[in-house]
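First chain A sits with chain B, and in the next complex the same chain sits with chain C.
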Partner chain A sequence: MFLRIHLAIVVCFALAACVTTGGSPGAASNIAPGERPEITTDEAGLWMASEDVERQLVSSGRVITDPALNTYVKQIICRLSPEYCEDIRVYIVRTPHFNASMHPNGFMQVWTGLMLRAENEAQLAYVLGHELGHYLRRHGVQQWRTVRGTASAMTFFRMAAAAAGAGYVGDIGYLVAMGALFSYSREFEREADDVGFDMMASAGYEPREATRIWQLLLAEKESSDEPDQFIFFATHPSKEERIDTLETRAKTIPAALSGSDTGTETHRAAIQSYLSEWLRDDLRNRRFAPSEVMLNRMIAARSHVPEFHFYLGELYRLRGDDGDAERAISSYLTALEMTDPPSDVHRSLGLVHWRNGRHAEARTAFENYLRAVPQADDKAMIESYLDQL
Partner chain B sequence: MNTRAWIIIPVLLMSACTQYTLVEPQPQKIGDFYTVAPQIHWSREKQGAIELWTVDGPALQAIRFFSGIEDGESMFPATGADSKLPSYRSGMTAIEVEEFVIDTLARLGGTDVQAANLRPFQFGRTPGFRFEFTFLTREGLEFEGMAAGAEARDRLYLILYTGARSHYFGKHKNDVERIFESIQTSA
Partner chain C sequence: MNTVRHILERILRRPIAHPARELLAAALAAIALSGCVPNEALRSSSPLPERVNPSVVLLIKPDVQLSVMTASGLEEPNAEWTAAGQANVERALGQLMRERNASLIPYVEPQGDPDKLGRHNQLMKMHQAVGSTILVHKYNQALALPTKTERFDWTLGPGARQLRQESGADYALFVYLRDSYASAGRVAVVFVGALFGAAIPGGIQVGFASLVDLRNGEVVWFNRLVSGTGDLRTPEPARQAVDSLLTDLPL
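Presenting the complex of A and B:
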């Protein structure tokens, strides 16, 4: 399925391996601000391959170009690493999974599933800092040189593809492959963790949020009957020990370096206009257990947001297990008690009532829907339902 | 060839060694429930329970006839990793079927999948529905689509037409409209 992009990358790697002369396995120095690799080096070949991937991502239709949202994420990058601010190109990719990735040439993907799940700017900053760590430490080229020393480009490709693409539906695998071509060693992951942690603390973010985002992601994973489908864990090997390490480190941050800024309100404001779209995207995964954990966590934090109750109701309506109809109705009714609930709540409420034989309640809900949205796109269909009720 | 991948890997579909047969402009039986009457020649490929017709190739435009999706089935055959494709539930309303189709397209890699204008439609003698939709492919290519369907015998009968917005969707849109109008269902 992903043959074309993979082949393109393999060819690029193979070319790079053949024509370049510089570079050797082992530790590399940090990349300097503004630095570009010499054209004759293997690192330049790696950058060329990454640029090809970047071009394909840009034309994919998945990149969110909203200036306000991009400015929000970019300012986090610049706050974390002012000296590299101009070197990093961030792309917000509409994909409902928790993930971010960094390419050696300075292009970073931030998936909307991560932005949705991060509770605040500090949590997002930790993940972005982790990815920046891979860039600053040149983990991509180091990984490439290590593997190239013992195997062919094709072997490297196969390893990356196996780590990245296996088991994911549709072009999620394609995006994963684009982002996770470099499935880093535990040593590199640990180093990136350290860099990310230091960056967020130095930038004045609350360092304990680094632990928190791992904990909430683990809670979702543990609820799932398909834990292998958690892309971030697949491409970022992680254990509970990582949480312990981060907790320990948080305690060691000197008070002078440790900020208390979580940026919670800033983050909420930045993603507010995307909440419905991203929650709907998440339900399309049909991974109900982790989505339920996520939505209940959101409701616990902000019970007054009608979208959270509505989409929890949508989850129950779509899942359709025993008792889910009542749970859906309860969630919809809660949403309707709040200010500015989505107008679709009425429609969904009508559907659940109708499916359960409560025709009078269904009729009322559909009428309320048409009252809330007089020019509804599906007005003719709703009117036909009212004729049947 | 994996039939579920028709949106996201059109290039591979084009190069696949598929066997096409000619569809004559005369009534054609789809499965055991309905017939349609095309007015132009199409090329036909059978993909399991799905019948695909195209003129310029499935990467550019195609009409797909689903001859009865049963309760618990997805639109396209599920393989291991695809087990979370949305499933059809008998008794779904048209709103839920639209959601089922749109969510499936999104799961298969369509971006910004949007449905519009859901309305009642007479699917032969069976009350059904119609709607239009749009999406972007992985490469960012804009596609349009239109759907008609109905539930009968506890199964979902569905016809989907998709094509690249640039030229190919419009090229045979009216031919597909006539196909929709020609639907005849058995008793």
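Presenting the complex of A and C:
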């Protein structure tokens, strides 16, 4: 028994030493423009690991290399933060989820699900500013130090608890430590929110758009009972809290600073040629409730864009709930009344009619499809449908 | 692979760009911890063709990473050690090949030709996938594939010929090494653990190497290394690790 207690004391001493060397969040200084970490530091190790991830990403086939789209995103970063413009490498990654991420070595991923959902340049600028905040506040290395310190402390604490014969105390220590990990990470997110907000407001973007993007994501999230569908939210402060904070902050922006530039037309023009691809990607998630909210929001803003109606129709066709066939047909017909509807509308319309036993309508729709795309890849398939009808 | 990515993302609560890599690391860790693995190198059933001239071997940049093992067992990559380890491993590989009937030419990334670079990168990724599959399914009896029990016939496919045409090499050698060293805190944990009779690992060296025939993409030879000792940061032990990894290399 004596040995046990004695060892517990020794281990607790080790624990204390470890905690004090663990590094404390918020204490790090901003990274300077052009700064590279010393090769002997833990930060250099993280940069090295990040470079590896970056190399893998570049050859993943998911990065959109289109110079125009890349220039559009890069110029927002340079407008937000001219002094760090050179240090940041942006990759637009074709992934249908709302997210952007920042690695400690200055490589940033912007996912197409975010590009698609942002209504304007100001909203995108706020999220990019948030990511820049992670970079210049060195959150990557700070978070790593917290994880390392907490995990080590946990190990020592559990050994100490085991030595003292008190297993359940160890478990309480574990829970406390895990709680610390998540709250530190939320602390970083709040800090990044602040940096992002300040950057966008100083760069002359309309600051109220920062609130707006959270509101529209909240509406999507609330439409579904599926937990954690947005990775971005997993460790972030709650959206309600963010919206409150941002609304309060927007009111404090001096009128002289508050720009009215939302960059709505610029953003629409920049992503126009990707609309179909990204909307199709989004439906592949088969998370119909948030997608329906998103598409209805897009239609409310721009009811004349045929793609929005077509993909809303596709959503109903794929979901197949009661009444969805009629909703799909109605959306397709709306799309067809507009200028330049996607030719695929005819094919989808034909499929829904056929499934519902309306052979004459199906035939007309398939014939219209082949007339619109005489050399379609699936011409033989459509012809075989026509033979069966 | 997308499904795997989503599952990992849910577990780790962060975006994952490279599920294959994360799985590879996990597989190596699992293999290092399970002791039940064959020790010998593996080779394809067909013997290598006799060569009059020395073989030319294209050395794909060895994927080396050295880390500190912190008290809890988390590994922290160390840039300085990695640079030293990388250089030591490349030097040791060069020496070893000179002593064998082979000459080593280092792979150089094509400059100003993104298409070619892209194809090369796909081959490297193919090797990552094939190599980790061999590691998982050939060195772990519990995961042996029924169709592969008596055979060793893995290939990167005919796309590998491109490297032969461009470099003139007969074979490509791929090397993957991970080495970790206990921090002071980890040493304390190992020590205290030992007092209680618990064997807690303090730093480990793991890796694998494969030789690919560039005429057809076949993996003709494969070996893996798991060691509780060794040090890639200094030249002599690095040479020992390379010798041990390439034991039985059929060149």
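As a convention for this text, the second predicted complex is superposed on the first by the 326 of 389 C-alpha atoms of A that agree within 3 Å, B and C clash if a C-alpha of one lies under 4 Å from a C-alpha of the other, contacts with A are read in each partner's own complex, and residues count from 1 in each chain.
Keep in mind that, in the parts below, contacts are C-beta pairs under 8 Å (C-beta built on N, C-alpha and C of every residue); 3 or more make two chains touch, one makes a residue touch a chain.
Nothing here was measured: the structure is a model prediction, and the numbers come from that model.
Engineer: With the two complexes superposed on chain A, say which partner A:45 touches: chain B (first), chain C (second), both, or neither.
Structural biologist: second
Engineer: Touching A:99 in the superposition: chain B (first), chain C (second), both, neither?
Structural biologist: second
Engineer: Looking at the overlay, does A:351 come into contact with chain B only (first), chain C only (second), both, or neither?
Structural biologist: first
Engineer: Please work out whether A:109 is in contact with chain B alone, chain C alone, both, or neither, and reply first, second, both or neither.
Structural biologist: The second partner, chain C, only.
Engineer: Looking at A:281, would you say it contacts chain B, chain C, both, or neither? Reply first, second, both or neither.
Structural biologist: A:281: touches chain B, not chain C.
Engineer: So, A:129: does it touch chain B (first), chain C (second), both, or neither?
Structural biologist: After superposing on A, A:129 lies clear of both chain B and chain C.
Engineer: Per the contact definition in the header, classify A:59: touching chain B only (first), chain C only (second), both, or neither.
Structural biologist: Both chain B and chain C are touched by A:59.
Engineer: Quick check for you: in the superposed arrangement, does A:144 touch first (chain B), second (chain C), both or neither?
Structural biologist: Second partner only, chain C.
Engineer: Do chain B and chain C touch any of the same residues on chain A, and if so, which?
Structural biologist: The answer is residues 56, 59-60 of chain A.
Engineer: List the residues on chain A that touch chain B in their complex, please.
Structural biologist: 1, 3-4, 56, 59-62, 94, 167-172, 174, 226, 281, 283-287, 318, 320, 347, 351, 354-355, 377-378, 380-381, 384-385
Engineer: Within the complex, which stretch of chain C touches chain A?
Structural biologist: 9-10, 13-15, 17-18, 21, 65, 67, 70-74, 76-80, 82-83, 117-118, 121-122, 125, 185, 188-189, 192-193, 195-196
Engineer: Which residues of chain A touch chain C once you look at their complex with the stated criterion?
Structural biologist: Result: residues 7, 10-11, 14, 18, 39-42, 44-49, 52-53, 56-60, 99, 101, 109, 144, 147-148, 151-152, 154-156, 159, 162-163, 228, 231, 234-235 of chain A touch chain C.
Engineer: Once bound in the complex, which stretches of chain B touch chain A?
Structural biologist: By the definition above, chain B touches chain A via 2, 5, 8-9, 11-12, 80-82, 84-86, 89, 91, 93-96, 103, 106-109, 111-112, 116-120, 129, 136-141.
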